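Two complexes, one shared chain (chain A), two partners (chain B, chain C).
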Partner chain A sequence: MTDQSYNFAYLDEQTKRMIRRAILKGIAVPGYQVPFASREMPMPYGWGTGGVQVTAACLVPEDRLKVIDQGADDTTNAVSIRKFFARTAGVATTERTDEATVIQTRHRIPETPLTPDQILVYQVPIPEPLRFLEPRESETRKMHELEEYGLMHVKLYEDIARHGQIATSYAYPVRVEGRYVMDPSPIPKFDNPKLSGCPAIQLFGAGREQRIYALPPWTEVVSLDFDDHPFEASKAAHDCDLCGAGHSYLDEVITDDQGTRMFVCSDTDFCAGRREAGHQGRLWASQPEAAE
Partner chain B sequence: MTVMENISALNTPLLQVDGLTKRYGARIGCADVSFDLWPGEVLGIVGESGSGKSTLLSCLAGHQTPDLGRVRYEDRDVLAMAETERRRLSRTDWAYVHQNPRDWLRMGVSAGGNVGERLMAIGGRHYGQIRETATDWLGRVEIASDRIDDRPSAFSGGMQQRLQIARNLVTSPRLVFMDEPTGGLDVSVQARLLDLLRGLVRDLGLSVIIVTHDLAVVRLLAHRLMVMKSGRVVEQGLTDQVLDDPQHAYTQLLVSSVLQV
Partner chain C sequence: MIADMLSGGFTDAPVQSARAFREILEAMARPGTIRRVEGALPPAPLSVAAGVTLLTLCDATTPLHLAGRCGAQAVKDWIAFHIGAPLFDAPDADFALGHWADLQPVNRFRIGQPDYPDRSATLIVERDVLSDDGPALTGPGIQLRTHLNLPEVQAFHANRALFPLGFDTIFTAGNQIACLPRSTRVEVI
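Moving on, here comes the complex of A and B:
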């Protein structure tokens, strides 16, 4: 089979049209989960089938695509999706956040601030923030309809009762424009403040659950909390060992069997960019080749 | 505030029910039920299984839509209300104690979370205050405060029922619907629960509609009694009057069926 046997960006035009309608509706009603007829994609559920469909519906030939997985450009998921679109759409790809026009992401928001001409596409496993508290879809829809979100705070209450603080550290529920409670996909809660007032369009696609939702630019997004236990965007209390950044989200990497560990930026492009600009972290300065 | 003060303070009924009818196809759930419930009053509804007691109660609480009739709460038409408003009412002014607490408690959430849910649903956003109120209410229903972080699945049946009561009464409702609150409990636990309920009803000046088939329960709790048979009210009056001097043949049967120990 040759590459020409695919339509541009894999999906046929009618499917893209259907997805675009769902996206437009999602943008018109920020935070509302729009059902759509999710297609089977040539990858397993859980690998970003929803995000891929949204990306496919957004791409135009002039686009420059960046795909990240947990912040990294070079992990399996990111590499395979980037190749997929390079092949089926023939669009240019990049690893630089500031050069990209469409960014598909799994579980991170890039550290580099986004711009108004960018689209950020999230892969979402479970779009319903109330799902683990209320298993019935009919009931959760009713709760969204009637804005009955007390249950979401029950979850946070349980966290504090059990752990002394809000222990939810990713997929931290947010309220969009004072209306819909939304699952921001499993991004670390460190990234939650970046959702709010973002100049880029943010689109969320859940393939298996067949839902699309969206945040238009400059949408107000508030993380839920208690008055006496306010929301806190937490990260590891370290600097990046490669680029020395003290304000980026860090991954902890075990480096040997003795439990030696290092902390590195989870956003690889951000980290590389800082090193190019001459910033050096604890380990990069001493032995750059070991960190490579 | 005592019951008498409550009654004299308000000269309108809390709940007015007029000609309420619910059919299940050709069968009758309940037919042509009318009554007024006054503030601070406890109304018992008794009857055998299938007599329409629970249907009536769920129609009143808005869980089912009756086919005919009117239900007015404080001069507001409950049936014409928007669902948002009705659900808000059922979180604040109303409470519903179900027969089986396991179906209505959140079994995966701690006792404190269960009690606090209604507070958070009406906008409580201060963890310390919610926890304080929850502790207070657990105390009122005789659950030790060190059980606050335990899940209801670790509780006995009686404790679960008391937890359900605390969870419902935490927002200080004015009208409580109870559907067989003592069903499935053994007699000594029943007695304690009834004692507790009687105290709460008196202290908080609650209006209660209590559905049961246990005449001892209504004898202890209810001021007024309605006897239902085949979906219709066959007799109503003061509790002692109905139980001691039953007029309708079915009521006589019901009263005489109680085992004398």
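Moving on, here comes the complex of A and C:
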């Protein structure tokens, strides 16, 4: 039921037009961060104000919205954003990746492969991949203009010199279509390969930093690396303790004060779907109620 | 006359513009694919798709250039009432609307700046018909290749050579739209 006190999808029409124009320019120049006049939203910065504005500009009443936070559908951020759009746009919501038409995500790409009928909206805290290397916007803008990305390779090299490997494990920088270096938002680098050749439209919104950028479908996205230190999509060397998946990204959960731990899929929908299909992990199988 | 000017806009702007934008987004993200839009009835000679595109993307903050027949007084009145976009000459426009011949030379339009490539024009080009027979298109948004009947090839070659600068193009015919962003490579014929 739409709350009639609000315009469809909360934002006013002029704001949505402004965001829509920025999204189209972002699509036309993949990986380039388009400035936009980010609005205050009824949630604090850092809770997905950029993603929410992009989602609001894209939603149609027929959509089925899924919101995930670190892969989970049932965390505070995900639940409140889902309820926000159920109330202000009247859209249906779902927790199932394969049923969703728009998926707003904080820091994960779903394990279930996306389809051409879906749009993935990322919440982005710091859109500028060079920001921690060069704090001045005037300079990073010039570096993008001149394709001067040597500093980023120096940073990755210093990782190798110090740790013996590239220690960057999330927000791992990528190069889009051989032109712009882009921050894929703080997704684990395990997810980086899914950015490239994705059949879905991928949109990135950074509310506080007032930037929107985009990857059209089938865009080539390459994680930066070196010939002798190739990129590796790493994950914890375990299987999920609930569903037994050996190829999904895992969260480590401390279960007592004796150092006991378990590893579970970060993608809750993927994990639950596998369990429904009869897969059992190490700990799930030992549960008395699950064994019956 | 007044009635024509006042009618033909969206009757439910939030929802109609949302649906229209989704089609434009899909068209821009998948260059060469033809999508359908609805909801506007602009005065002749504007197509439904051109009217919908204007209503969805343009407002009082977007300088608009009307070329050739699209600059008819009826069109100007309709835009003034429904959209309010200020009318500008080609070099200063964010959006330009016209038939391909009337938009020439297209190198008048803004292509953005090296540090702000987004500050470029979007051309809304009226066509008689959109079809998938034409030069092959490749690039971001295209898995293998698509085809679109472009009005010419040379101008889009020159535009692609400017990447990441360049203008972006939305083709409209009847209720159909197709897009050619600057990132798309057009096959040489």
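The definition used in the following text is that the second predicted complex is superposed on the first by the 285 of 292 C-alpha atoms of A that agree within 3 Å, B and C clash if a C-alpha of one lies under 4 Å from a C-alpha of the other, contacts with A are read in each partner's own complex, and residues count from 1 in each chain.
Methods note: contacts are C-beta pairs under 8 Å (C-beta built on N, C-alpha and C of every residue); 3 or more make two chains touch, one makes a residue touch a chain.
Everything quoted here is computed from the prediction, not taken from an experiment.
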Which of chain B and chain C A:Glu276 touches, first, second, both or neither: neither
Touched partner set for A:Glu40, first chain B, second chain C, both or neither: neither
Touched partner set for A:Glu158, first chain B, second chain C, both or neither: first
In the superposition, chain B vs chain C on chain A residues touched: C
Chain B versus chain C as contact partner of A:Glu148, first or second or both or neither: first
Which of chain B and chain C A:Asp228 touches, first, second, both or neither: first
Touched partner set for A:Asp256, first chain B, second chain C, both or neither: neither
Touched partner set for A:Ala22, first chain B, second chain C, both or neither: second
Contact residues common to both interfaces of chain A (with chain B and with chain C): none
Chain A contact footprint on chain B (complex, rising order): 83-84, 87, 91, 106, 109-110, 112-113, 116-118, 120-122, 124-128, 130-131, 148-149
Of chain A, residues touching chain C in the complex: 7-9, 13-14, 16-18, 20-30, 32, 34-35, 57-61, 141-142, 144-145, 177, 179-180, 199, 201, 214-220
Contacting residues of chain A [partner chain B, same complex]: 133, 146, 148, 150-151, 153-154, 157-158, 160-162, 225-229
Interfacial residue positions of chain C with respect to chain A in the complex: 13-15, 17-19, 21-22, 24-26, 28-30, 56-59, 61-62, 114-118, 120, 122, 139-143, 163-164, 168, 181-183
